[in-house]
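Letters A, B, C and D mark the chains as written, and numbering starts fresh at 1 in each.
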Amino acid sequence: MHTFAELIIVLIILLDLALAVTGSLSSCIRLVAVQGVVAGLLPLMAGAGAPHTRALLFAAVIVTLKGAVFPWLLMRARDKSGARKDVEPLISYPASILLCIGAFIASSWMGSRLPLPETQVAWIVPASLATIFTGFLLITTRSKAITQVLGYLVIENGIYIFGLALFVEQPMMVELAILLDVFVAVFVMGIAIFHISREFDHIDTAELSELSDWRRGEYGK
Amino acid sequence: MALVLLSFVILLLSAFLALCLARNPRRAQDAGAYGAVAASLAGLIPSVKVLFSGVSETLALPWPVPLGSFTLVLDPLSAFFLVPVFILTGLSAVYGVDYLAHYTGKKPLGLAWAAFNVLTASMALVFTAGNAVLFMLGWELMAASSFLLVLFEHEKAQARRAAFIYITAGGAGALLLLAAFSLLGAGSPVMDFSSFVFPAGRAASAVFLLALCGFGLKAGFIPLHVWLPEAHPAAPSHVSAVMSGIMIKTGVYGIIRTLSLAGPCPEWWGWTLLLLGAASCLLGALFALAQHELKRVLAYSSIENVGIILLALGLGVIGAANRAYPLAALAFAGALLHVFNHSLFKGLLFMGAGSVLQGAGTAELEALGGLSKRMPGTAMLFLAGAAAACALPPFNGFAGEFLVYLGAFRSVSSTGSIALAGVIAGLSLACAGALAAAAFSRAGGAAFLGEPRTERAAKARECGPLMLFSMRALAALCLLAGLFSPFLLLPLARAVGSGFGPAAGLEAAEAAAVPLIYVSAGGLLLLALIALAWAKRRAFLGGRKPAEGVTWDCGYAAPTPRMQYGASSFSQPLTDFFQPVLRKLGQYPVISEYFPGKASFSTEAQAVFYNSFYYPAAARLRDLAYRFSWIQHGRLQIYIMYIVVTLMGLLLWKL
Amino acid sequence: MITLMMTLPLAAGVTAFIIRNDKARRALLQWTARLHFLLTALTVWMHVRYGMGLNLFSGYFGGLSPRDHAPAWFAYDALGLFFIGITSLLFLGAAHYAVAYLAAEKRDPGEDADAGFIFNNAPETVFTGCLLLFLAAMTAVTASRNMGLLWALVEATTLLSAPLIYFHRHKRSLEATWKYLLICSVGIALALMGNLFLGAAGLKTGAGLDLPALFYNAAALDKPLLKAAFLFLFVGYGTKMGLSPFHTWLPDAHSEAPAVVSALLSGALLNCAFLGILRANAVCAEAGLADFTGGILMLFGFLSILTAALFMLGQRDYKRLLAYSSIEHMGILALGAGLGGGAAFGAMLGALSHSLTKAGLFFTSGVVLASEKTKRIADVRGLWRRAPATAVLWLAGFFLITGMPPSGIFLAKFLVLKEAIRLGHYWLAGGYLFFLAVLFAGMAKVFIAMTFGEREAKAGEKPFEEPRGMLVPAAVFFVIVVSLGLYLPGWLNMLLESAAAGLGGAAGAGL
Amino acid sequence: MEIIKPLSQYLAVMLLSPLLLGIINRVKALFAGRRGQPLLQLYFDLHKLLAKTPVYSRTTTWAFKAGPVIGVSAMVTILAVLPFAGRPSFLSFEGDFIFIIYLLGLARFATVLAALDTGSAFEGMGASREMQFAVFAEPAFFLGLTALARVTGQTSLAGMFGALTGDTWRVAAPVLALLTASFFIVLLAENSRVPADDPNTHLELTMIHEVMVLDHSGPELAYILYGASLKLWVFGSLIGCMVLPRHSGSWATDCGLFLLVMAAVAAAVGVVESAMGRLRLTKVPYMLITAFAFSALALIFQMGR
């Protein structure tokens, strides 16, 4: 089973890289969904022996949410917004991928540096960190509002995997509450994107920088 | 002590009442003024009692506030400051009734009275508080209430600017004081002054410097004076009188308390005080000479006088550090006596300026003149106050300065650094005195004497009876305190004793008694001679009626008021000489043709320290802030980046 | 009791979505606030009456599970109780303000003087509903005993308050909402990481994320992991709390939200996030990491004061100015918590006083906005002439927020400074004083300019009738803050002390 | 019986001081080869003026009349403090010279206000100059007295001059010489003598003291003239006491010698006036600063010893 889990880890890392280079918005949404589903399945593979019913139930909820509900919500937001179909990165794709690889190297280093307990699955901590970095990469170097939501989801995926790595047993109620939060967050963000697209011409966040205290050119005289 | 408490209660109640009666200005005036006068009378009794008996009184009530306790201490030093508080606020309140009546219907008089009474109460609290929190409560209430009064005519941009500078200086000062208190009371859970332990070594110097700057921002010596010449002219005149007469003395009081708490002080503290005092008294007098507005002249004169007080304190500290105790005692006594005297004559002068402002509608010196004919009472009282401010005998200003001089002279014949300190002190006093005399003869002359320079001045009317009453009372006090200064020695010795140790009090009394008696005798002789000369003059006239004519203008028979020497021409030789310091701005006509046409001429005294230091520093700071304003850039991506980068940094640094 | 406190606003919030009648809905809002406050007051009273001298986490009562050993999800200790006390009091004022505000908005929908167009407001149902749910979430945050749950609830407050910020359907408020939503969500995601580390630190002890268990086993927690956990939790909740440099959302959200929401954000929400940090801090302190956490709190506290000072100078928007002042105060709270001892007490007193003062100021700013139709400082002059009562409150708020005595804020600032100096942090104290002075000057300039002076009537301006319902809550809050500086009742002192003790470690040492 | 001596000193000064101006004028006349005014001219003038009816400008108020009265009273008060021949007068006390300086200030203040009260451009000009020169003269005078206090270790005038002996001159001759020079310059400036001012000029634009009293007439002018002569005595006597460090023990001898020295001082003023021209107005401050420098140098010498 662990080999299988390690394969999944590799898959997740590859998905990170793919996210860094994909230009099409809809592919991005799909990639994030796939990553969510894969991450959701991970606990079933990583544990020793047959998974608990609880874990099964949980995995089912996650897969439904991340695999079906979120992509649907985001796709709808994308369609309504009538935005252009690519992610409009602020830096070039090669730069993105370089940053992503750099993040992966940094994650490996940090993974070894962080004072973590031994894990059973190799690479799981670096992978989770790399995923979190990729999420940040999406948020900070892409200009559209939707990609920022995607980034948030990728970070969430990374944290989820990280949690698995640490074997922290969250009580059911907490787990559910967290999931609910994430769900509502995406929902609210979706609504916000809808409003943004209505108020502004498109969902480029460059438009969303009117609130600023920058006194450009008012100093040094 | 109960009476002091009663006076607090009366003040706060009457302030509240004045606010409630704000709809009816007359009633509000009555509530405020009666309250202030009653509170003054109630407060004077215990203060005077403590001064003469020398027995301190303490009142401690439970006050559940962290660090705080409701401890009031009335020792002779406090009482010595409280006496002018109550004298001046009581008389100012009387003056204020007539002064503010002018604004009925135009200004919220209820609020003005409430602020005035709260100001009085807070000053009394500052002088009696025995706990840091209580002290700061009084201190900041004082700042806030006087801030509101400075904004009395807030529609004037100048008043708003003054209020801003004032409140900022006050706020900064308060913060410094908090730091000083924190250092002093670091070890005690309740910040009572009695529990304060003066730290040793560098921390002691830190406390001294913090207290000096913190209190100095209120006392207004140079270079911490910037708010003073702005705020005093902006406030209503009876408030200016109180602010200049006593409020700035709260700073002096604080410095004295700090010195008293510190016990034996290092000599350089004394030098700091001495040099700051010397700079203040010289520059203050010099700036006063260059001002064009009567109340500004007075404000700068306050800076000069605070400088004199500070200089005396510095001399005292140097003396004490060199174990020249009688000298130190004389200097301390001089400082305290000058505190008292200054409050009287400066109150009088500001009231006089207020009368001018109200009678002639302006206090611009170049627009006044000839008021002595139109407002004879005010003119005479103001000029008496001016004489007192120039420390001319027989008025009271002389006595305090005389003690300082005496201290300085005693030190001149001793060895080492004290002699130098004495020379610096004496010389600064002499120079400042000469400059102050020039400034006041200029101001008094331009405002009251000669011919009116404008229509408004020509139509000036004498001020109301209550205003005159207050000024007369103060002028009488100035004269009496000057003539009978030996009688002030006992309270003075008590105050010095409670501030600097009982031995100092005795020494001061011993050293000052004989010379002061002679000075009194000289003053009485002078008055007698003046009376004699006056009587003789009449006798010489022998009933003949003097002839009247126009002023002799070298044969020119139709002199006009415009031909008089104005205030700026009067001071021009001196201000030109000191131009490098004064940096007055001006436009002078250049005459190049044989038949020049119309020409205009203007000078403007600028606030040198504000314009060349504080304002540029503030502008630099703002520029710096603007430079960093890109932090709040507007782009979400960058904001998220901050979080990531900070987190990474923290992880790398801390793990 | 706690159940009731949480379900009451929850139920009311859900109901508010259904009610069609404006009046009934507003009454619901008010009555819920009143009842909630009553319940809170009762709980505080019970705590004071029966829980005297109780230490952190041993003083739980009234939770879902009354048994001592079984972990309860929700229960109050002094710290939580203190924060819910603030929140509930604040909400009481906010509810009354909101009713007057909504009525006024209905009559005279906001007009944006700068952009010159009229915009719509969000439906009142959503607004009221979210407001009540927001209260429910905050009640739960303060009561939660489990760090995981705490996280989820803090995130819930973010999500519930987002629609509140977007009350004015205006593109700038949308931008603010978006930034708020995203920055806080991303920030809080990091706090989730922190929770994971925390769980990992206690893996051997089996403490999970239950606070009392963590506390009990603090000595056995894995220190490096605990440090990592604290860093993540700090950055996460710090983002929500508005500590610099994570504060970036704060000025935007506060300036664009309706006044009542700004007041709640500043006065209640930031405190809730602070509570998250304090909980983590307490665990770390118990584990002997007080120096580590204290250093970080002090560093970022100082940084926040610095940032606030920089942006206060030349600020153009008065609501943003207030927001930066909130950052400053959060900085002071963090500084106080980091210093511990008397400063921790000061921080608690500061939290209470700041919440009330800032809420009062935001309430007043709403009236100023209603009168002047602009948030630009340069366009507001001579408020005294047009709206005297508002001007008085505005000025009073300035004095209180800058720490003029008598006020709780003054005492808080003094206590923090004293502790910094007592502990020998002279440079810190110096910087603190300098930036406080800069902040003071920056605010003084603005408040004087806005309040005083002559005022030229703008074209087509109607005379302004000051809405009493919007001013009374502010006035009441100010009076409370002033009285705090004059008289600290014994029960409050005890509550503050035990709350300060709840910060853990050296902080519990008392004054 | 001891009271007789100060009283007679006092009366002597009151009576003799107008004579100093007569001496100056005679010396000047001598240098110019004229016969000059009688020695007692000022007495005649005073007598004449006291009997005259004054003319008052319609602009003036009480301040105009009070000026001469206060001025002369202040001078007479000073005489009660001033030592005569190094012997104390009625009022001799620690720090008495400060009292003197401020009484001089009072006289100046009153005169200046009286001048300003006329509203005349010329009188204002004189007042302005008077005040300007005072600002420079006072520190010089004061510093000189400080140095003297340092030399003698005394703080009252009578004490200082009483302690001044021939030995002091031998030990500290440069210091005392500098001080004498300084006091002499101050005397010239304070009493409106050449080179600071020219009492004989009739061009108002250049006058200082005289121009301030243009409008005064009758008894007021008499007061002013008398006050001026007293002032000259005050400054002269300081110099006289300084250069006459001899105390024989006999009161009469000392007084006689002192009066001779006073006459010599007046003569010296006359010599200076005859030998020098008037300085430009703008140069007068520099002359006073020179006096200040003399005093400062004296002090520095003394403190360095």
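The rule we apply is simple: a residue touches a chain if its C-beta (ideal position, glycine included) is under 8 Å from a C-beta of that chain, and two chains touch if they have at least 3 such contacts.
Since this is a predicted model, take the numbers as computed values, not measurements.
J.: Based on Cα centres, what is the most central chain?
T.: B
J.: Does A-C or B-C have the larger number of C-beta pairs in contact?
T.: It is B-C, judged by the count of C-beta pairs in contact.
J.: With chain centres set to the mean of the C-alpha atoms, which chain is at the far end from chain C?
T.: D
J.: Taking each chain's centre as the mean position of its Cα atoms, how many Å separate chain A from chain C?
T.: About 30 Å separates the centre of chain A from that of chain C.
J.: Would you mind pulling out the distance in Å between where the CA atoms of chain B average out and where those of chain C do?
T.: Taking the average C-alpha coordinate of chain B and of chain C, the gap between them is 43 Å.
J.: Express in whole angstrom the distance between the two chain centres, defined as the mean CA positions of chain B and chain D.
T.: Here the centre of chain D sits 35 Å away from the centre of chain B.
J.: Roughly how far is chain A from chain B, centre to centre by C-alpha average, rounded to an integer in Å?
T.: Once rounded, the distance between the two centres reads 68 Å.
J.: At least two partner chains per residue is the criterion; list those residues in chain A.
T.: In chain A, the residues touching two or more other chains are 114-115, 136, 139, 148, 205, 208-211, 213, 215, 218.
J.: When you check chain D against every other chain, which residues touch at least two of them?
T.: Expected reply: no residues.
J.: Touching two or more other chains, which residues of chain B qualify?
T.: 624, 626, 629, 632, 636, 640, 651, 655 - these are the residues of chain B that touch more than one other chain.
J.: Once the touch criterion is applied, which pairs of chains come out as touching?
T.: Result for touching pairs of chains: A-B, A-C, B-C, B-D.
J.: Show me the residue ranges of chain C that touch chain A in the complex, using the header's touch definition.
T.: Contact set of chain C toward chain A: 73, 146, 148-149, 151-153, 155-156, 158-159, 162-163, 166, 169, 171-172, 174-179, 181-182, 185-186, 189, 192-193, 195-197, 199-200, 203, 208-209, 222, 224-225, 227-228, 251-252, 255-256, 311, 314-316, 320.
J.: Show me the residue ranges of chain D that touch chain B in the complex, using the header's touch definition.
T.: Where chain D meets chain B, its residues are 50-51, 53-63, 65, 69-70, 72-74, 76-77, 80-81, 91-96, 98-99, 101-103, 105-106, 108-109, 112-113, 116-125, 127-129, 131-132, 134-135, 138-139, 142-143, 146, 149-150, 153-155, 204, 214-215, 218-220, 222-223, 285, 299, 303.
J.: For chain B, which residues are in contact with chain C within the complex?
T.: It is residues 63-68, 133, 136-137, 140-141, 143-144, 151, 154-155, 157, 160, 163-164, 167-168, 171-172, 174-176, 178-179, 181-183, 185-187, 189, 191, 206, 618, 621-622, 624-626, 628-629, 631-632, 636, 639-640, 642-643, 646-647, 650-651, 654-655 of chain B that touch chain C.
J.: Which positions of chain B touch chain A when the two form their complex?
T.: Chain B reaches chain A through residues 623-624, 626-627, 629-630, 632-638, 640-641, 644, 651, 655.
J.: In the complex of these two chains, what residues of chain A are touching chain C?
T.: 114-117, 132, 136, 139, 145, 148-149, 151-152, 155-156, 159, 162-163, 166-171, 173-175, 177-178, 180-181, 184-185, 188-189, 192, 195-196, 199-200, 205, 208-211, 213, 215, 218
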